[in-house]
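This is the structure I want to talk about, given as C-alpha cells.
Order as written gives the chain letters A, B, C and D; numbering starts at 1 within each chain.
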Amino acid sequence: MVSTKVNLCGLSLDNPIIPASGTFGFGYEFAELYDINILGTFSFKGTTKEPRFGNPTPRIAECPSGMLNAVGLQNPGVDKVISQELPRLKKCFDKPVMANVSGFSVDDYAYTCERLDKENQVGWLEVNISCPNVHGGGMSFGTDPKAAAAVTRAVKKVTKKPVIIKLSPNVSDIVSIAIACKEAGADGLSLINTLLGMRIDKKTRKPVLANTTGGYSGPAVFPVALRMVYQVYEAVKIPIVGMGGISSAEDVIEMMLAGATAVEVGAANLVDPYASKKIINDLPRVMEKYKINNLSEIIGGAH
Amino acid sequence: MKESIFEILSNTKIAADIYKMELEGDISDISRPGQFVNIKIEGLFLRRPISVCDAQNGVLTLIYKVVGQGTEIMAQAGKGVRLSLLTGLGNGYDTSKSGEFPLLIGGGVGVPPLYMLCKKLISEGKSVKAALGFNKAEEIILAKDLKALGAEVYIATVDGSAGVRGFVTDAIRDLDYSYFYACGPLPMFRAVEKVAKTSGQYSFEERMGCGFGACMGCSCKTKYGNKRICRDGPVLEREEIIW
Amino acid sequence: MVSTKVNLCGLSLDNPIIPASGTFGFGYEFAELYDINILGTFSFKGTTKEPRFGNPTPRIAECPSGMLNAVGLQNPGVDKVISQELPRLKKCFDKPVMANVSGFSVDDYAYTCERLDKENQVGWLEVNISCPNVHGGGMSFGTDPKAAAAVTRAVKKVTKKPVIIKLSPNVSDIVSIAIACKEAGADGLSLINTLLGMRIDKKTRKPVLANTTGGYSGPAVFPVALRMVYQVYEAVKIPIVGMGGISSAEDVIEMMLAGATAVEVGAANLVDPYASKKIINDLPRVMEKYKINNLSEIIGGAH
Amino acid sequence: MKESIFEILSNTKIAADIYKMELEGDISDISRPGQFVNIKIEGLFLRRPISVCDAQNGVLTLIYKVVGQGTEIMAQAGKGVRLSLLTGLGNGYDTSKSGEFPLLIGGGVGVPPLYMLCKKLISEGKSVKAALGFNKAEEIILAKDLKALGAEVYIATVDGSAGVRGFVTDAIRDLDYSYFYACGPLPMFRAVEKVAKTSGQYSFEERMGCGFGACMGCSCKTKYGNKRICRDGPVLEREEIIW
C-alpha cells in the first residue's frame, strides 16, 4: 500500500495534486462532476481587492501542445469571495483551500491577504506576482527581486497562514527572485506561471488575442517549468509547488523528482474536466511502476 | 455535462465549406435546443465547440463550416472515427417564452441550432416562422428541413440568387411574430436589434477555453452582471444584452 | 505570379527560408537529398576560434511538440571551417552563406568574425550570444545589454559584412538587449535561440541530458518566439530573422506578420530532412490563400 | 537515405517486452546489415531509430523492445497502419573483413541486426558462429532463425535457464573465430573487449536527434577523430574505439 501524502508548509495533503488557480473557478463547477475532496487541495480563482471584469475577448488562443490565455484576473473582488464564494465552497469542500491573491500595489496585496487571513477555510495564501496579462502590476512584481521581496514582506506582516509566492518564468534569473522571496519570509514558492506568448490570425493579420499577448500553458511549457523547479530547489530549501503543463501521473513524478513538494494541474483541467481526478487515480499504479512506496521520499530525487 | 466517446456515422459536404456530421453516442445530457458540444480533435490542444443541430435516438447531428485548423481536421474525419465529446454544454433556448407564433432568425452557419429549436416549438403546438439569410443560393442549408418540420420559411440572399435580395432583416420586416430566437453573426444581431418588434433570445459565439465555465475565457458583460458565454450562455435574452 | 523575394541587410534572398545553425551542418548532408540552392540561404554550424567536441552524450531529449539539445557547440574550429568546410560547401552551394559564430570572450568573437570576414562565400555573420549549453560564455553575453553591446561593437570593428546578433529568449526583457545591440551597430537581429529546459528519466531518477539542461526547440516554442519578434519589431527598425518552431509555410507567414524579414527553420529539418524544401514549395500556394502577392510587403503586417 | 511510407503487415509479441514488426515499403536504400531506420511516431516529435533485422522482397523486419514512450506506442500499432520511415541510415557492418569463420556476439535486443548480417556472411560462403546472451530463457530471440540460416549457435543466460550460465563472454571463451561482430549493451562490449582474440566491429547505441548526421546529437570520440554514431556509425571498428 503506497502513500501519496505530502506536507506543504505544515499542512498535510492526502496527495500532491492541486488544480491551479484560474482553471478550477471556486471549485463548485467541478464538484458537480466529482467529489473534489479527493484533491490535495485547489487554488481558487485569482482574487483582487476590487472586482475585475478582466480583458476584452478573445481571451483564448490555440497553440502547439498548449494554449494562450489573457483573461486578466477576472474575479468578483475579495468582499464577494468572502461573502459568497467561500460559503458556497464550504458545501462541497471540507479541506483547507489555497487562496490565490493578485494586486496592483504592495498595499493591494496586503489588504487582500489580511482579509483572507481571517477565513478558516483558507489554508495557504498563494501570492501571484507573475500575472502576464495585466498592466501596471502583476508580472512587474515578479521580474524584480526587490519588488518581489517587498510584496512578500508586506503579506507576511498581515497573516499567520503559510505564504507561497507564485513566480514568473519570464525572467533571466528565476533563482534570484526565489532567493529574494525566501529571505523576505516566504514559506513556499509556486512556479511557473505562464510563459508570455502570442498568436496572429493570418486572415485578419491581427493578433488573435484582444490583449495582443497572453500566457502560454499546457504540456509545451513542462520542460521549462521542470528546469526552473530544478534550479530553484538547488538554491532555496523551502517547499516548491511545481506547475506547468502537468497532465499525467508520470508528469507528477518527474516534477517531484525535480524538487516539487506538490504540483498544480492547470490547462489539463480545461481540456478534460476529469484530468485531476484521473491523475489522482493513476498515481498509485505509476508509483509502483517506478518502485515508489512513499511519494514524499522522491522530492528532489534527481539532485 | 458529460464526457463520452462518440463514433462518426457520416460526415458529408452539404454546401460550400459546410459539412454535416452524424455521430452515435450518449446524448442523454443534451436537454435543450441551442446547447453545444465540445470536441477533442487529434493533434490540437483545445476542444472545439460546435452547436447541436439535432439529437435523437442516440444520434447527434452537427452542421459546421470549415473556418480553421480544427474544422479542417473535422472535415477529413471519416465513418468509424471515435471522438471524445463534452455534451450538454450551455443553457440553450428557453421555449417557454415563445408565445403562440415565434420567429426563428438564422444567418449562414448560425441556422443549424434553430432546427432542433423548431422541432421543440412545433412539438409544443406553436406555429413557427423561420427567416434565413445567406450570401447566395449555394450556401442555403436546412430550409427544406425546416419546412418539412412545418415551419413557414422565408429566405434572403445578399446576391438575390434566392428569396428576397438583401439581409435576413429584409425578410422579416413585414412578418408578425410573438417572440424571436436568433442565431448568426454579430452584424446580423445588430441589424435584427434595430427592427425586432418583440422580446427574444440571441445565441452568441466566442473563442472558448474549457466550454464549461471554469476558465473565464469567454466572459461578457450584461445588464445583470458578467456572464460566461459557455455556461450562462450561449443564449442571452434581448433585455439583458449590452450592445 | 507571386514574389517570395526579401532583402536581408542589403542582400537579396530568393525566399526567406533559412535552415538554422546546428540543424543543417555545413550543408552537404542535405545537398545529397536536394539542391540546396533553392534555399534563401542557410546558417552553418556554430563556429568557434578553437575546435570543440561539445558536451558529453546524451545530448538529445524528447519533449511535447519539440526537443531538447545540449550539443554544446561541437565544431571543427574556424581554421578547419575555412580550409575544409567552405571549399566543400562551394561545390554544392552557389549563394552567400550565413556564418554562425560563437565565443567565450569578446576577443574570441572578434577573432573568429575577422577570419570569416575574408571569405567571399560568407554573406552575413550571425553572432550567437545566446547558446544555453556552454558554460562561461555563450548565453551570458545574451542576457546582459552591456555585454551584448560589447560583442556587437567588437565584431562590427572587424568586418564589413552585415552583422546579425542572435538573441536569447531566456531573459526578462529581450527588447532592452535588442536596443543595446542595435545601438552598438548591429545590422540585424535573429531570434529566438532555444528556451532553457530539462527532462528527468523517471527510471534512473537522473536528468536525461548529461549536461542536465538543454535548449528547447520545435513548435512548442513558436508562440514565445512570435511574441518576442513582435516586441522587438516595435522597438528597433533593423531587420529581424525570426525563428523558433517554424515548420510550415503557414508559420512563415505568421512570423513575418509579427515582424520578421526572413525566418530560420531549425528542429523541423531534423525530423523531416526535406522540411525546408517542402516549406519553399508550399509558400506560393499559401501566399495565394492569404492573398499575398509580394511576401516582403507583409513584414510587420500585424502591427 | 530515403524518406518513404511503410505499411505494417504484422506486429506481434515474440518474447518478454519484445515485438516483431513486419512492414511493406521501399527498402531499396537498405544496403548493408547493421543499418537502421528512423520512424516517425504519431504524437511524438523525434523519430525513433530501430536497427534492421531483415529486409528482402519489399518487406522490412524490425525486432524491438518496449523501453519507453516511443516503443510503447509502436507496440500498439496494428496491421495496415502507415508510418513514415527514413531508411538506409548508418554505415552498417563491413563483411569484407570477416575472414572465413567469423563470430557474431549478441546481447538481448542487440541480436536482431546480427540476423541480416549472418545471412550476408553465409551467402558469401563463410562459416558463421553466433554467441547470444540473454537474462533468461524466456527472453531468447532469433536463436532458431540463426541456426536455420546455418550458423552454429551458442547460448548463455544469466540465470542458467538455457545454455551456459553467465554472460555471453562465458560462451565464447573457447571458440575459434577469424573476426567478430558485436551488438548489445555497453557492459557486454566492455566484457567482450577483455576476451576477444581478433579484430572486430561493435555497433553502438545513442540517443539521436536526426539520425542522418545533421544535429551532432550522438557524437563520440574515436582514435581517428570525432564520429557521429548515426552516420559514421553505428558500427565502429575495435581498433578505433576509445573505451
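Assume contacts are C-beta pairs under 8 Å (C-beta built on N, C-alpha and C of every residue); 3 or more make two chains touch, one makes a residue touch a chain.
Quick caveat: nothing in here was measured; it's all calculated off a predicted structure.
*Asks:* For chain B versus chain C, what separation do you get between their C-alpha means, in angstrom?
*Replies:* 47
*Asks:* Where the CA atoms of chain B average out and where those of chain D average out, how many Å apart are those spots?
*Replies:* One centre to the other, that is 58 Å.
*Asks:* Mind checking the centre-to-centre distance between chain A and chain B? Centres are C-alpha means, answer in whole Å.
*Replies:* Chain centres of chain A and chain B, defined by C-alpha means, are spaced 36 Å apart.
*Asks:* Specify, in ascending order, the residues of chain A that touch 2 or more different other chains.
*Replies:* In chain A, 61, 63-66, 218 touch at least two other chains.
*Asks:* Would you mind listing the residues of chain D that make contact with two or more other chains?
*Replies:* Answer for chain D, listing residues that touch two or more other chains: there are none.
*Asks:* Which word fits the touch map of the chains here: line, ring, star, complete or other?
*Replies:* Shape = line; chains linked end to end, path left open.
*Asks:* Which two-chain combinations qualify as touching?
*Replies:* Touching chain pairs, listed by label, are A-B, A-C, C-D.
*Asks:* Flag every residue of chain C that touches chain A in the complex, lowest number first.
*Replies:* By the definition above, chain C touches chain A via 61, 63-66, 68, 143, 170-173, 195-200, 202-203, 205-207, 212-213, 216, 218-224, 226-227, 230, 245, 250, 253-254, 257-258, 290, 298, 301-302.
*Asks:* Within their complex, state which residues of chain C touch chain D.
*Replies:* Touch residues, chain C against chain D: 22-25, 29-30, 32-33, 45, 53-54, 57-67, 69, 71, 74, 208, 218, 267, 269-274.
*Asks:* Tell me, which parts of chain B touch chain A in their complex?
*Replies:* Chain B reaches chain A through residues 1, 3, 40, 44-47, 69-70, 86, 206-210, 212-221, 226, 231.
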